[in-house]
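Two complexes follow with chain A in common, the first pairing it with chain B and the second with chain C.
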Partner chain A sequence: MKRNNLILYGALLVFGLMAPFLFPAFKLQISFMWILVILALTWDVQGGQMGYNTFGNILFFGIGMYICASTQIGLFFPLEEWTASGGEKTFLHTPSQYFLGLSAGLVLAGIVPVIVAALIGYGILGLRGHYFAICTLGLGIAAGELAGGIEIIGAGQGMTAPPWPKGIGDTEFRSEFFYFLTFITMLATFTFLRWAYQKRFGLVLNAIRDNEDKAEAMGIHTMRYKILGWMVSAFFLGIAGGLVGNMVGYIEPTEIAFTGATYGVFMILMAILGGKGTLWGPVIGAMVFHIFKEGFWTFFLGWQYVALGVLIVVIVIFFPEGIMGWLREKFPERFGEVIDEADRKAQVVLK
Partner chain B sequence: MDLLIFQVPILMVQASLDGALLGILFALIAYGMALQWGVMNIINIAQGEMVILGGYIAYTMYVMGIHPAYGVIVSPIIMYFIGWLLYKLVINRVVDRDLFISILATFGISILTQQLMNFIFGADVVVAQSNFGTTLLFDGMVTLPNAKIFSALISIIFATGLVLYMKKSKLGRAIRATSQNARAAKILGVDTERVYATTFGINAALCGVAGALISITFTLHPYVGLPYTVRSFMIVIIAGLGNLPGVALSGMGLGVFEEFSDYILGTEFRVGSVFTLLVLILVYRRFRLSRKREYLE
Partner chain C sequence: MASILRVDKVSKYFGGVKANQGVSLSVRTGSIVGLIGPNGSGKTTLFNSIVGTHPIDRGTIEFDGREISTLPVPAVAKLGLLRTFQQTRIFGKVNCIQNMLISSNPTKENLITIFSKVPEELTEKAENLLKFVGLHQKRKLLAGDLSFGQQKLLELAMALMNEPKMLLLDEPTAGINPTLINGIIDRLITVNKEFGITLLVIEHNMRVIMNLAQEIYCLAHGEMLASGSPEEIKNDQRVLDAYLGAG
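And then the complex of A and B:
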């Protein structure tokens, strides 16, 4: 590893650890920034590295959220009565129950989406191009609509996640606790993907993106790797979903869990903004996007989604290579990849 | 099963007729999508929002005291120019690019249009009253609103008109030539830029007609556009590009499916069942094709 890279990693780590104490007022915002980083990183596994532009990764986010909250409640209390009564008033978790439930919930929130991804992956990852994009778009929205019809998890009304137990710390301590949980999850996602991209896994994903038929002809079981990639995304997305459910405290099928129009688009937008297909791109994109969003959203009071729509169109049309792409073009000796000129020309001719 | 629809079989006739009339309307929207997909190779996620916008134009006329049925004439004219403008502003920059770029760009337009409609027309569910009355069949067991029959007739008229236009007129021939091979058409002197703009405008105008019809037969709401996009996408992929009888048939099939799922699963699952059907159809086709070592692309 290069020396200045080490300094960069160290600085980020220190910032991450110190942030809740440096900016105590923005703890929750920075936690959400790490969540967005996770979303962008996991989207990039499909959209950037594998070339499968999915609109439906929000599915795993929502499943994780519902599974986590249901486990936390269902372990100790009857889930049906909880959702019917709006929760909090009738049942209270003791601290030990709460943390036991949370850890079990988060583990299940990781595992169940992985199983779902493995089950549906064979069918859906066989589609390509825009059929895949539309199919996954339908998948995410169908999940939201179906969740809105299931009584036991509160149907369209939504359900509440367990409140912070009384007796250990105040709300400040609660937000610090969740801050570090999200930060650790983000670090785990980043390090895992960084490790995985350097292995055969990353090479195969890039081969699938560049030419799937050729990759298959070379004897790679592309389907296995595509499903594996989706399972990786699903795992981290599910945990992120479980955390968001607890941080927000309230779960609603189409506005919070399966949010095609906000988180579902944000993850794509952030990855493109930062530069898809790179490791650092989604991280940078998510941070820039979140800071822009939190900083300027208030100026667009009531017009946020109009601004979002314009932003999508502008980024996609004028800035499709993203920040990393721009850096690569500007400073090729620092960020660029070595491309053989003859090779590049040959590719254009082939196309 | 003790569902109402199995106890009272006449409801099946009701559902089928409702669904078929509804399906013709879907087929009109799908025809616009097929046209633009075939010519420009773009999937327009904002298709449904254009439909709803067309509906709001008819609704505005209704509020101003004009009978909403005239919206069938006014709203396509306005929508044609909106579509043309949209093409000049955004779409012409994404036509030749990666498909994903066009999907995402039109998705952005879709969010934008939803919000603007929300600001301008409010977030309430609205409907334009046509006062066309209803037709009773089978001794009053089956009721059909005349507005639905009217909308189906108008859809058929516009669809046939467009087919004739594409076959006979000079611009129609240019559009067909561009869809077959854009580069060759360009060499032979077709102004492809103009063809693209017109195609997008025609698609928007069709959406305008459909929207005006929806405003008198169903309800309008700023956020119900996406299901229309998905429905037309489904109809097109079932029927295939350029297969008009197929588009009409699969449109009606989808309409009937929806009405039956309404009765059997309940209204709250209506939109969910449409999206689930989309996923199932795509996965089914993928398995069919993979036997021949092909794939959907």
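And then the complex of A and C:
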């Protein structure tokens, strides 16, 4: 069991490190796969582990994207002029400016969404069930509208992220650079969540999912855990957003930053497909989903969203517990559900 | 002896429904007190009022010398006043041990305690308490897979895990196999005598409450109808009328 785990982790790590060299043509696609894994993992903190369906996590992704790019530019140049008219042509980042800006941008892309999550969470995480879900539905939409009205970040026209500086490798090197940034961010997200789920934090999130009133009756200030959980999601989502903004190179309110209808839906779908409320489910779900999407999307030209709809229906009907849930049912002993003899007898008595 | 819980003229209305109307009671430290009354007489509502599930409309509630009627549920629980639910509540998708660990009382909930491992010795304590209620063998099963009666026992063990000063039990024997009820009575007496936990028990089963409680309060239509020793209550005409549906 332990050894199997090591092999699994090792294989993934090796794949992650080698992929850009083994499949150079797919570097960008695999980078986006890691981004999707981050989206699914962070959604699952609320939607899976804690049982709070959120449709608004895309908010943090978009905020991170705008904050990162604005910092990268604003640190060295007047942001207003940059966004007003093709500023990336007038102003050029030197390599050191570029990397300093990117580092600062990514740090802020993590921190600002955390603060936003704390403030909004304080306001709405007191809502339960459908009320919370519907409330979050408004968040992403409102944010897109808002961003579309703010001149300094390009309003509805959007803005460009700083282009890769001259004299520091070609576009291949650029995509390798961002590949490893996304891979590391994904690893950090996974490792942090894996660690946190083994702590009291993870236990209480599950308690909130199973019966929040009971958790409160046992003296647990559930609000603290809910807000903290959302802050954790916001942190990694914000950084992911910052990275995507730079990878795409162009930021726009509703199609790229606050993409409720694509990424916002995908993150939920992937977590459910893989098995929500499990550590590996969102990872596997995101990978399967991405491969399916990249592989078959072109076959459904014009019908992508119909295909997506069918996929949703198929998942809900045939894999209600996701791939992990299905595997767990097939091979319970592989999941550490080894029932000792006394327990097995107890179970028989129960039935 | 001093009272650990003092409820004074508490009223709670739901729209036009007077669920509690000027209810007063007091529970001596270390005693077992019963709360009876016909269906819908406001017993569970009184529990909810005491632990802060809903704001009360009038009156005061004092626990351990502190006014608690405006505190939220977790804060009251942290003071050492816990309740169990009439419709048993457990954490169904995690196993019994985990249910117990969640229930252990973290005195502080800050970043450090939230992100620390649950102490090892708590698992041992959890196993011992599960043994005490007879669920040790089932400790690794999902709590949601236990039978209703077993879930009631688990809920009791979870409450004990929290080490409260006082427990409000909402029908601890409802739905339990009659042959097991004596076991529950014995355990509740142990909880009271040996763990030193004061008990306030809602119970419909007269035999149980007469055996358990030193003092009994009877509610009817949201008002306190009578109180006294089990003997007195048993022979109180008003109580008999209320139970026979004359009210």
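Following the convention adopted for this analysis, the second predicted complex is superposed on the first by the 332 of 351 C-alpha atoms of A that agree within 3 Å, B and C clash if a C-alpha of one lies under 4 Å from a C-alpha of the other, contacts with A are read in each partner's own complex, and residues count from 1 in each chain.
Note that a residue touches a chain if its C-beta (ideal position, glycine included) is under 8 Å from a C-beta of that chain, and two chains touch if they have at least 3 such contacts.
Just so you know, these numbers come straight off a predicted model, no measurement behind them.
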Query raised in the report: After lining up the shared chain so the two structures overlap, which partner does A:53 touch, if you call chain B first and chain C second: first, second, both or neither?
Result: first
Query - Which superposed partner A:166 touches (first chain B, second chain C, both, neither) - result: neither
Query raised in the report: Regarding the shared-chain residue A:194, is it in contact with chain B (first), chain C (second), both, or neither?
Result: neither
Query - Touched partner set for A:141, first chain B, second chain C, both or neither - result: first
Report task. Would you check which partner chain A:204 touches, where first means chain B only, second means chain C only, and both and neither mean what they say? Result -> second
Query raised in the report: Taking the superposition as given, does A:222 touch the first partner, chain B, the second, chain C, both, or neither?
Result: second
Query raised in the report: Between chain B (first) and chain C (second), which does A:214 come into contact with in this model arrangement: first, second, both, or neither?
Result: second
Query raised in the report: Looking at the overlay, does A:312 come into contact with chain B only (first), chain C only (second), both, or neither?
Result: first
Query raised in the report: chain C touches which residues of chain A in the complex?
Result: 196, 198-201, 203-204, 206-207, 209-211, 213-222, 224-225, 228, 277, 339-340, 342-343, 345-347, 350
Query raised in the report: Given the complex with chain A, which residues does chain B contribute to the contact?
Result: 43, 45, 90, 93-94, 97-101, 103-105, 107-116, 119, 226, 230, 233, 237, 266, 268-269, 271-272, 275-276, 278-279, 282-283, 286-287, 290, 295-297
Query raised in the report: Which residues of chain A touch chain B in the complex?
Result: 53, 123-124, 126-131, 133-135, 137-139, 141-142, 145-146, 148-149, 155-156, 261, 265, 268, 272, 302-303, 305-306, 308-313, 316-317, 320
Report task. Enumerate the contact residues on chain C facing chain A in the complex. Result -> 51, 72-74, 77-78, 82-83, 85, 89-94, 98, 101-103, 105-106, 109, 111, 113-118, 137-141, 144-147, 150, 158, 162
